[in-house]
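Supplied in structure tokens, the structure appears directly below.
The letters A, B, C and D name the chains in turn, as written, and every chain counts its residues from 1.
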Amino acid sequence: MKDIRKKLSELKELALKERLNIAEEIRQLESKLHGGNHNNNSAWSKVKLSRLIERPTTLDYINIIFDDFIELHGDRLFADDPAMVGGIGLLNGRPVTIIGQQRGRNLKENLKRNGGMALPEGYRKALRLVRQAEKFGRPVVSLVDTQGAYGGVEAEERGIAEAIARNLKEFFAVKVPIIVVIIGQGGSGGALGIGIGDTVFMLENSTYSVISPEGCASILLRDGSKAQFAASIMKPTARDLYFFKVIDEIIEEPAGGAHTNPEVAAANIKNAIWRELVRLMPLPKEQLLKERFEKFRKMGVFFEKQDAKKGILRRLFGRKNNR
Amino acid sequence: MSVLGKVRAWFRGEYSRKHKLITHFIKDGDERLFVEKKHECPACHEDLNQPELEEAMYVCPNCNHHFRITPWERIKFTADGGVFHEFASDLESQNPLDFPDYEKQIASDMKKTGLKEAVVTGICRIERKEVVMAIMAFQFRGGSVGSVVGEKVTRAMLLAAEKGLPIVIFTASGGMRMQEGIFSLMQMAKTSAAVNFLEERKIPLFIVLTDPTSGGTTASYGMLGDVILAEPGALVGFAGRRVLDGTIKEKLPDNFQTAEFQQEKGFVDAIVSRSDMRKTLSFLIEAHADAQRAWK
Amino acid sequence: MKDIRKKLSELKELALKERLNIAEEIRQLESKLHGGNHNNNSAWSKVKLSRLIERPTTLDYINIIFDDFIELHGDRLFADDPAMVGGIGLLNGRPVTIIGQQRGRNLKENLKRNGGMALPEGYRKALRLVRQAEKFGRPVVSLVDTQGAYGGVEAEERGIAEAIARNLKEFFAVKVPIIVVIIGQGGSGGALGIGIGDTVFMLENSTYSVISPEGCASILLRDGSKAQFAASIMKPTARDLYFFKVIDEIIEEPAGGAHTNPEVAAANIKNAIWRELVRLMPLPKEQLLKERFEKFRKMGVFFEKQDAKKGILRRLFGRKNNR
Amino acid sequence: MSVLGKVRAWFRGEYSRKHKLITHFIKDGDERLFVEKKHECPACHEDLNQPELEEAMYVCPNCNHHFRITPWERIKFTADGGVFHEFASDLESQNPLDFPDYEKQIASDMKKTGLKEAVVTGICRIERKEVVMAIMAFQFRGGSVGSVVGEKVTRAMLLAAEKGLPIVIFTASGGMRMQEGIFSLMQMAKTSAAVNFLEERKIPLFIVLTDPTSGGTTASYGMLGDVILAEPGALVGFAGRRVLDGTIKEKLPDNFQTAEFQQEKGFVDAIVSRSDMRKTLSFLIEAHADAQRAWK
């Protein structure tokens, strides 16, 4: 099994070098490799793994991956949200802006950090730092780890919807590469609010979904006890999302999960980020933005009777080239 | 105005060759109009007379409650002559997650509403000014946004950007369509991304928040208008009240998650009665589209 | 006297037409005309006039000057501040964005509107509307009428300093004409926060100063009762500021003050705004920004021994040309 | 680095021909350093030993209280080798309003501090990276901003923009200098306008808020840094506490208007101890100036 993975990884590098378009075939292979049994237990076990309190957090990874990290605070508008962290670090000596949700690593810290559920000011801080990165040509690494945006009255009062919407739009216009890594829970709009990027990675045992399995069970299946079943329906695992082409690549964790050896998990993330940044940094900004948009533009499954329409859509894409 | 002239020519020729356009003429008595007849105001419980209510654009004459209406009614009240040239009319939802009963639910809503999905997109005129318009239907799966709604809204924005037409979106939505899982979440990304195409070309986006607008719709294009209008009393928020009431025990302000609350909190430019909506949109379209020309 | 004024006004128009540079001579003449006696009473009487509760407010002028005004609310961040109003109106049929502080016209309204003392969200609303105007090519009219920014704890908490600073910087970068009219009190940073413009007008009986005469008396003169004397020292009248070249022109009020005939005052404002917008709208954006900067750049009085420095300053200005 | 090489050449040649540059070498024992000797910590009232305090960069070894220091001390702690090439050194204030006693006050502060005005501007290096630096002096008229301070800060920014050098401003100010009336207010406009020249050329502006920074200084360039640092415990606010306590009867939070309060409220990026300031600035300058080059 390990050998196959190694071979596959070699194949991928080769394909990249030779500019062979075998991405689709590799995707199929990998999807099978990462375990084929789509049953309740596998999805649910990932959900549980992704939520482990022992699982490394954003700051844990930052401390291992980046040298000389300086945390920068505040949205310059209302507050500094401890559930969202950010700053500047060096990745192999090159400056990078990092943002990410931060859970607590114990009960007390979790209280202070709202369990990694950010308020509007958290999303606005992230946007401020991303714009700062853009201004000075630094790429952005975004680490996603949240069950969702904070759902309280203050969040509504201060415009959590506006804050997420603004980020979604602005992240698509940022003229430096953005690498997203879902390291734990990718919960709905709260995750997506810092989840737009040129390359979206998921750690092997992380999850990403529009609603929690519990939420899905109680709202759609009208039976709160069916969370395990809901998890299997929602298809929130890295494998599922890779198959759906919603994410670009899965980053392996050490056997047993990232918490068993954070150093190894961090090294894998570091390699993946570095590889992508080396690829993305030289790209013309127009191409970067165009490809970022087109990737997300394709997400969605629907049926369209009239094929003629493809003509105008292609023209619309054509316009994008001139961006 | 020669630009409008050109648009008209394009619209009748080039455009219709590439898109299948369905032209609707929405008039009183159109069978598409009345999804459900009302006999009592849900707000003040006043007995209502259907023709009178229709005359008042489905606004309670007693308490100003704005009823939820269908896209066809909205078109009748907004578009010149009730004429609406619909595009992307034949997109239909799939069931990518094999979610239990999802196809049945879609089929049933199609039958109930006569709509194919939770948004209608097209081109029409507002006081002679051509605009792209998207109108969401709360009657169809609670106006939830799946791949079809996301795609149609995105196309509407790209088309407006390409053709230099202002765009008006009437929202009415319970949020993302969870039956489509991660694909529905990604519609937030896709539609928000499309707003950049409008921005780049300085095409104004007018959002009208109608009752109810919540979840991912608010947290994407719903909050990205150059001008954001709302109908009086409309529920506008992010998290469902159920979530808020249930899991977080906080005392909610009286007007919590209403259009009025959102205006107080700085997220709504103006609250506009249904009877003033058409002329307000018309004024705003002129003030945005013609500023540079007007000052030349 | 009236005849002299009429002649002067004709002279100005002629000079404009013929592109004669007699601005300095006119300034001297006008300065004398608007009353020569710099005594305590004249400054203090202006201060009192500028604060009259009956004096027309921003919305009063908007309603007379603009057709089809629609008020737009909110900063899209935290709140809608009733002490700062804004929206879009038509000036002789052309769309214009208008912002301005709004006092109450009675006790109850004054309470709601904090007496026209805006909070950070007020300044952020103004900036949002100005950026919207810029995006769509509408010019901006800013009506200043405030004793200052709101000085409470909430203002500090939500960053009143940041909000004013941001506006100062951004107003200098806005690529549409901005006309400022000080219609009542121009109180310190709170006034300046919407006070940057290509043309700055003052109504004849308005005032503009870094601190209120009362504040000056109690802080600098250490005697709160010396407000009248302080007023004369501060030189806060339109005449003083016109002489200092801090404002560009004085708009006449009807005899007795604007409140005696708001229609006439409004008509004078409308004429002044219209004249300036007709002049400014066709200017290239680079010239507009350059002249806006240079006007404020010159404000300040100091002594410099070394004249050689002028060389490099001119070069610095030269760069601005390429903007 | 060739860019720095060029800057150095320019600096020694072209620049000094046009500006009167005064090169300072600030070293221990320099007579410009000690404006006032301290024998007791104003925060914890611990007895202090002057050489030890100096060794600790005027930070109380007992309670971490950061003493107010003069521009020369700041330069000694920040600039490579204490070398500072001062420009615009001979600007002097006038009395445009004929404000009573103003000339006398200026003359007395000049004598007391050895400074000509409340800011010192120049060029120096921080860990070999050339920067423009402006350091305000609270010791001179409470660091208030009149025409001279506004002009010098503006020139510093324009020079940084012209020469492509990053700029660091240490603030320390009670606000605008009211004796210069409307002219002092206009320095807020002028200095804020100059920030656009930095932005245009993507020159980073680093603000370091030191005790105390308030009024118009906070409400102009003080809040416009790309990165805003603050020293621990520094008072940072807009309205004076006197104004707040006196006229508005509200209960103030314990840490009200401190650097820590401002960080909590989102306006300060990081609170940095004096002993870490030099290396923090050095890191930030590199991360901002060299990003695009580093990734090439």
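The criterion applied here is as follows: a contact is a pair of C-beta atoms (placed from the backbone, for glycine too) under 8 Å apart; a residue touches a chain by one contact, two chains touch by 3 or more.
Just so we're clear, the structure is a prediction, and the values are computed from it rather than from any experiment.
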item: Centre-of-Cα separation between chain D and chain A, whole angstrom; value: 41
item: Distance from chain D to chain B - Cα centre to Cα centre, in angstrom; value: 53
item: Rounded Å distance between chain A and chain C, as computed from the means of their C-alpha atoms; value: 48
item: Per-residue multi-chain contacts in chain A, two or more chains; value: 76-78, 158-159, 162
item: For chain B, residues contacting two or more additional chains; value: 199, 223, 265-267
item: Chain contact topology (line, ring, star, complete or other); value: other
item: Pairs of chains in contact (touch as defined earlier), listed by label; value: A-B, A-C, A-D, B-C, C-D
item: Chain A residues touching chain C - in the complex, by the definition given at the top; value: 76-78, 124, 158-159, 162
item: Parts of chain C lying in touch with chain B, wherever the complex brings them together; value: 68, 70-80, 88, 90, 93-95, 121, 125, 132, 135-139, 277, 281
item: Residue numbers on chain C that touch chain D, as the complex places them; value: 149, 151-153, 155-162, 164-166, 168-169, 172-173, 188-189, 192, 195-196, 208-211, 216, 219-221, 233-236, 240-241, 244, 246, 293, 296-297, 299-306, 308-309, 311-313, 315-316, 319-320, 323
item: Footprint of chain C on chain D - complex, ascending; value: 18-20, 88, 90-94, 96-100, 146-148, 150-151, 154-155, 158-159, 161-162, 176, 178-190, 192-193, 195-197, 199-200, 215-216, 218-224, 237-239, 243-244, 247-248, 250, 252-253, 256-257, 265-267
item: Touch list for chain D against partner chain A, complex; value: 199, 202, 204, 223, 226-227, 263-270, 280, 283-284, 286-292, 294-295
